[in-house]
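The structures come next, written out as structure tokens.
Two complexes come next, and they have one chain in common, chain A, joined by chain B in the first and chain C in the second.
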Partner chain A sequence: MIHNTKCECGHQNHTGTILCESCGKPLADDSGTAPLEMRYDGVARRSQKENPGWLDRIWNFFSSVRNAIYMIVITLIASALGTIYPQENTFLNIDPSVYYKETYGILGHIYYLLGLSHTFESWWFITLLFMIGTSLVICSLDRVLPLYRALSKQQIRKHFHFILRQKVSFQEALPAGKAGAPAPSEEAWIEQAAAALKARRYRVHREGTALLAEKHRFSRWGPYVNHIGLIIFLAAVLMRNIPGWHMDQHLAFPEGQPVKIPETNYYLKNEKFTIEFYEESEMSEEFRDRGQQVPKRFETKAVLYRCTADCDDPGKPPVLEEVHRDDIIVNEPMEYNGLLAYQFDFEQNPMLLSVKPSLKDKRTGEVYGSFELSMSRPAESYKVGDYTLQLKAYFPEFGLDASGTPITLSNQPKAPAFVFSITGPGLDPTGEPYIYFPRQIDKQTFRQDTLNGALAEKLELSVGSMDDVGISEFVSYLNIRVDRALPYIWVGSAIFMIGVIMGFYWHHRRIWLRIDDGVLSLGAHTNKNWFGLRKEVAEVLNKTGYSIEPKQLDREGVRK
Partner chain B sequence: MGNNRKWVQIAIFAIIVAVGALTIASNLFANNEKPSVGGKAPHFTLKGMDGATYELSDLKGKAVVVNFWGTFCEPCRYEMPAIQRQFDKWDKNKVAFLGVNLGESKVTVANFIEQYKVSFPILLDDNEEIRKRYGVTQYPTTFFIGPDGIISDIHKGVMDDAIIEQRLAAITQ
Partner chain C sequence: MSSSSFLLTAFIIYNIAFLGFVISVAGRKFAVDDPAAYSRRWGNISLGLTVAGFLAHVVFFFTRWAEAGHIPTSNMYEFMTFLGMMTTLAFIVLYLIYRAAVLGIFALPISVIIIAYASVFPREVQPLIPALQSYWLKIHVTTAALGEAFFAVGFAAGILYLLQAVDFSAKDKASRREQRGVEFTLFTLLTVISFVVAVFGFNAAGYHASFSNEVTYVDSNKVEQTVTQTVEYVLPPIFKPHEGQLIEMKPFFGMTDAPFEAPSWMEGSNAGRKLNTVVWSLLLGTLLYALLRLVLRKSLGAALQPLTKGMDNEDVDEIGYRSIAIGYPIFTLGALIFAMIWAHEAWGRFWGWDPKEVWALIVWLFYAAYLHLRLSRGWQGKKSAWLSVIGFLIVMFTLIGVNLIIAGLHSYAGV
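So, the complex of A and B:
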């Protein structure tokens, strides 16, 4: 069936047009009295086409605001569920497959099985976000193009039915003159009205005895600008998937040694961690009663290095070049080339880092020399004076297994033991074994001197003072982040705000009027704030000789 | 005007589908932080105790056993002889054995392999980067990787000859 879409004014409209594009006459519901459907000025939209093909069906799905709202609500609920238990991406060393069951019981296990433990990275959540983005694009396109067409070619002289069926309308004979003066001519009255409207910042267009006054059209574009902002925002979030654009790691940095930042070429050293606690005098009465130690300020003096050579060689230490140095406190990260290091946590965990023992002659007390012995990566041999100490074995946490063989109980230097083979003057040329425990308590527990036998009476390896001992008192936990998408997110958000302000603080108002045989017919439309519009129209009319209340203009109220 | 609009529609949808496919694909692939059975084994390049460089991609076409271990871990020490026996038994052109040591010093590892007479390649994961890449949180953990680079089994905990043989039989058809 081909519908006739040619209006009586002669204009040929698209199929699906509700109000004639030219004169505004309602094409279908002409005999009704209800206020007109003014959405998009009654122009045909792509999604309202008849006989939709498959492409049109997809388009219609995404251009429906109702569907968009469903998608947003589902995403909202999913996001809320994702905050019930801690997410997998915050775990450092925890195994998710057992953690939820152990900590939260059966509910936690169901949570894990449903995949909610990584809600925000799951494919269905990303798909939802992506569908919302698509619907943003298509909703906007579907509406903005017809709207732009409709608003940019507006006719000034509208059909009576159009004018009188607006939500704000008025029809009365032109007012008589004041106190005896002759009634103003149609032309004169229109001039007055135009002047009054211009004074209220309307743009006035005239065509004989018809007039169109319009203001703040730009606010109609507000929602579309804010949608563009949202699309940029979403696109920026999706761009984080580009390799190198996003990193979020939580790492531990004990004092004194550079630690590699995985997946980068950077090393970070926690040079010194300091912490200040609140004094009793600084706390309030109740706080003091709690007896807690409250940190006042803690900071990490951090140094950032880049590896320039020997980066992947496990035999050799990497060659590091210092590139940046900063003090990190909570909320004030260290920044270098887009890499950010935030203070996240700390732990008081005293750990031996290195010692500088001296080799002495036990009998004469002569010191042959000293060397730096690292607890994490000791060298394979050390030259001290005329003696050479070759490292044969190293046990970070010395212990004996079931059969009495020396083993290490862990990878942490909690009870370090070094087995050297010493060669030099007065010693067997094939080397004599010597076991060394840097910690005094281990020396006694494992009876170092007994183990070393005769050699213990000739040589002594010991640390002179605490200055020769390198200890890490604290472990500083830092959150290392890279987020190159952030500037785009800011831009998207700014555009969004501009769009919101455009749409909220100004409203698009239009007033049509025409004079036929001394009778004024007036219709007005706005997208928001009808009360304000009625007030304004009433004021303009009262300035031009009428005397009416804003309430009279309200067509919906007049029905009583 | 009508036909033009249809092409615009198609163009818009094409862009959206392309972006969508990229997003979802990169999400599915990049989020393989923790490799799992049936997934691809993450690549690594590590130096061995013998000084040679070992890359996982070089071993494509062979079944690979990757055992994460440390001298401080008792079950790891316990299963070493079994792994060594299996290494001697299987054809070296068909099966490769790699022991990845978890960040211990060279001398500690050297001592251990001399004591236990280990002859299969021991690689040093100096800063535990590969341990994190493979999502290993308990020791020992052993990955059985097929000749196509797909993980066939992840065994957490101690192994014996029977377990290793069974797993290898599955990937050396």
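So, the complex of A and C:
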């Protein structure tokens, strides 16, 4: 639609302008009487161009609020569908192509085939979020610039059609003075009105007998500010895909043993894990009768080390330097330089960590000495008194295969066995083999003394007391994370909040007045809360000699 | 005095305040000399009562806090009573802005229904599990509830608007659809009331039935386990658990065993009992609705319409919008931002697409759409009122439905 965009006041407007940017006269539908469309003050948006090119068409698509609402609604529906069955990532080790069919039947299988079982990671869902982000940028730019222009150069004296076609409007001769006193002059009245408006915190601009009062304009920027917050938020979410920005792993930490955190230079040791339950005295009477045990606290005493040398050398123990220590409990993760460790789960799983056996003469009972034997990293040889124990083989979980050959069933020290070659006084100089089971139960099960034969008569390796045994009682599962996008997430959220509070808890109000030949014409506009605006305008009018109820100012009310 | 007696006090006062608002609006025609003053006087009396009820509710909240040793928002009973309290607060705020007595006729019953619904859930104080031991329990839950409370008042204003604006005598297609929509909304409320009444009635009568059935679950070692559990019924079983065995059942009108069995595809713990409860609520809701129709001899909407006089419907539209506009930032802060901060601390991720999180997002998206439709597409009046009704239904599904049907990480909420 092409029409003349030059207003009778002489102002040349952009195509698509509804209300003259200068005097406010309606450019289309000038003869109507319905309240004016005041959205964006009737200025032309960036997207309202003649002969749009393909770039303009894309711009126009994303600048449409209607399209934005469609995107919001589609995202909403997709999200709802995504909650019908649990998503794939809620399970560990499942084959979704079978799982959904077996668990939820044919509907579950259809759900899987439609890709809804991983809705939130799907390309189309991410595309939707991306489109919403684009729409946020373009919708905002499309409107904020023209709106800014319109609001920063407002004309004070507006056209009659503009004033009287506001939703709140009023036209009446200036009131007579009190008790027969002469009516106030136009100048005096407007002075009075300006004072009343200022008392209500309006900024008042005057031009002869015309007046513009305005307050809380900043509230108009609320939507754009909150959109900026959302854009930052969405960008931060997308940034998590940058390598190194996001890491998420669940690791097991047995007590007393540093464990390497993959992809980093750190080792973390769980010094002690504790679980506490509520005492009966801490429970309410009704709850006690249920006989339930409720956990009160899970705690991992954690020490974080940085590896300074020999980090990837399987032959040597890594050189660790303690950098941080903290007690990790649920809701209070450990944080060190962006590395986060969360209490996630635990398992009661007693495991041998190390023993300190003594070498004894079986016949005389003489103790030659003792040594520290680690289950995770045993040394190649040990010197005990005059004897040397050369480690020939180590089986963390000792067992026999079908042919009777010793093997290890796993690399967890569940049933450790050590094969030494011992040399020393009274022994074969080439060394005599000795198998050692640190756990008493394994010693009996696998008949250690029988296996060792004659040597078992001469020498014995054994642990004196429990003080010489290092045991891990619990395995603590920690969730180790790095999320470098977090600060941006919080900043985006904060900006969003500032924006919505600006936009929703304050209201932009404007009042236009003009007096022509002793007749006052008043129009008022707000983007929200008409009730409050009417009340305020009525108060001002009642203070300046009129007598009017707020509801009488409502054009739509009057028309009825 | 125990905490629950303060809640009962609040409940009773809310009901009286509701009657006061009814008198303020409906009694106007009896006040011959100055209806406006009459209405204003009763409005003020009712507001005073509402505030008194609210204070009793606050006393309940803090005495329970003292009894429990932690903020009472950690299970369904505690959360719903808190939501009821916040709904009253939201109503008081909007009443003070708009002085709309007629709003009380619709907002207060929502507080009352929420509190009644809350009392169906187990009331004992439960020790706080580690995941809930955080000051974010106080901040996240209370702000989210306050935001939702403003949506509840938006819903009340929406119903009020529709009752004013829908023409209940018109016979054309569009009007019929609107009439049915209003009836359906009211029927839903009746169903909730029937549910509460049924549970209380059968509980008071000492009704009891129990079944045993086998349930499979995945334990912490990711191994499937099958255990036999006992399912206790408070309402007479129409549907028993899938493959459930009768343990005991008080006969109900000659019925000695459940006539039907819950289908196998219904997932989750106690699916059979939940189905039974839903069926009972629908049956009783229908019965109550039919009875009311018989007594009134017109649709409920038409019967309620006279109570909605006394306020311009444009103002009602604005109240609804204002309530949602006030609630939206609070909801965002409480249900999304604070939730993300807490999730980040407790679970190690700020967002994990847990069903409860997703539904909070859905509520947020829905009201975002509402606001955009209203601000940019001019959806005001009826359209906007319908959206605020639907929006609150989504809120309620998020709070209750997700826990009943979908579970997920928020399942400790006690259902």
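Simple rule for what comes next: the second predicted complex is superposed on the first by the 490 of 560 C-alpha atoms of A that agree within 3 Å, B and C clash if a C-alpha of one lies under 4 Å from a C-alpha of the other, contacts with A are read in each partner's own complex, and residues count from 1 in each chain.
Everything below uses one rule, namely that contacts are C-beta pairs under 8 Å (C-beta built on N, C-alpha and C of every residue); 3 or more make two chains touch, one makes a residue touch a chain.
These numbers come from a predicted model, not from an experiment.
In the superposition on chain A, A:410 makes contact with chain B only, not with chain C. Within the superposed three-chain model, A:104 lies in touch with chain C and out of touch with chain B [touch as defined at top]. Residue contacts after overlaying the shared chain place A:218 against neither chain B nor chain C.
More residues of chain A lie in contact with C than with the other chain of the pair chain B and chain C. When the shared chain is aligned, chain B comes close enough to touch A:396, but chain C does not. Taken together, the two complexes place residues 93 of chain A in contact with chain B and also with chain C. On chain A, the positions that touch chain C within their shared complex are 39, 65-66, 68-69, 72-73, 75-76, 79-80, 82-83, 86-87, 89, 92-93, 104-105, 107, 120, 248, 278, 282-284, 286-287, 294-298, 329-333, 340, 342-345, 347, 479, 481, 483, 486, 489-490, 493, 496-497, 500-501, 504-505, 527-532, 551, 554, 556-557. Per the touch definition, chain A reaches chain B in the complex via residues 46, 55, 58-59, 93-95, 118, 121, 123, 126-127, 130, 134, 137-138, 141, 235, 238, 241-243, 259-260, 262-263, 312-315, 376-378, 380, 391-397, 401, 405, 407-411. Only residues 5-6, 9-10, 12-13, 16, 19-20, 23-24, 26-28, 30-31, 45-47, 51, 70-72, 74, 77, 102-108, 111, 115, 124, 126-127, 129, 132, 137-138 of chain B touch chain A when the two sit together in their complex.
Interface residues of chain C facing chain A in the complex, by the touch rule stated above, are 67-68, 97-98, 123-127, 129-131, 133-134, 136, 220, 222, 265, 267, 312, 314-315, 318, 321-322, 325-326, 328-329, 332-333, 336-337, 340-341, 344-350, 353, 355, 358-359, 361-362, 365-366, 368-369, 372-373, 375-377, 402, 406, 408.
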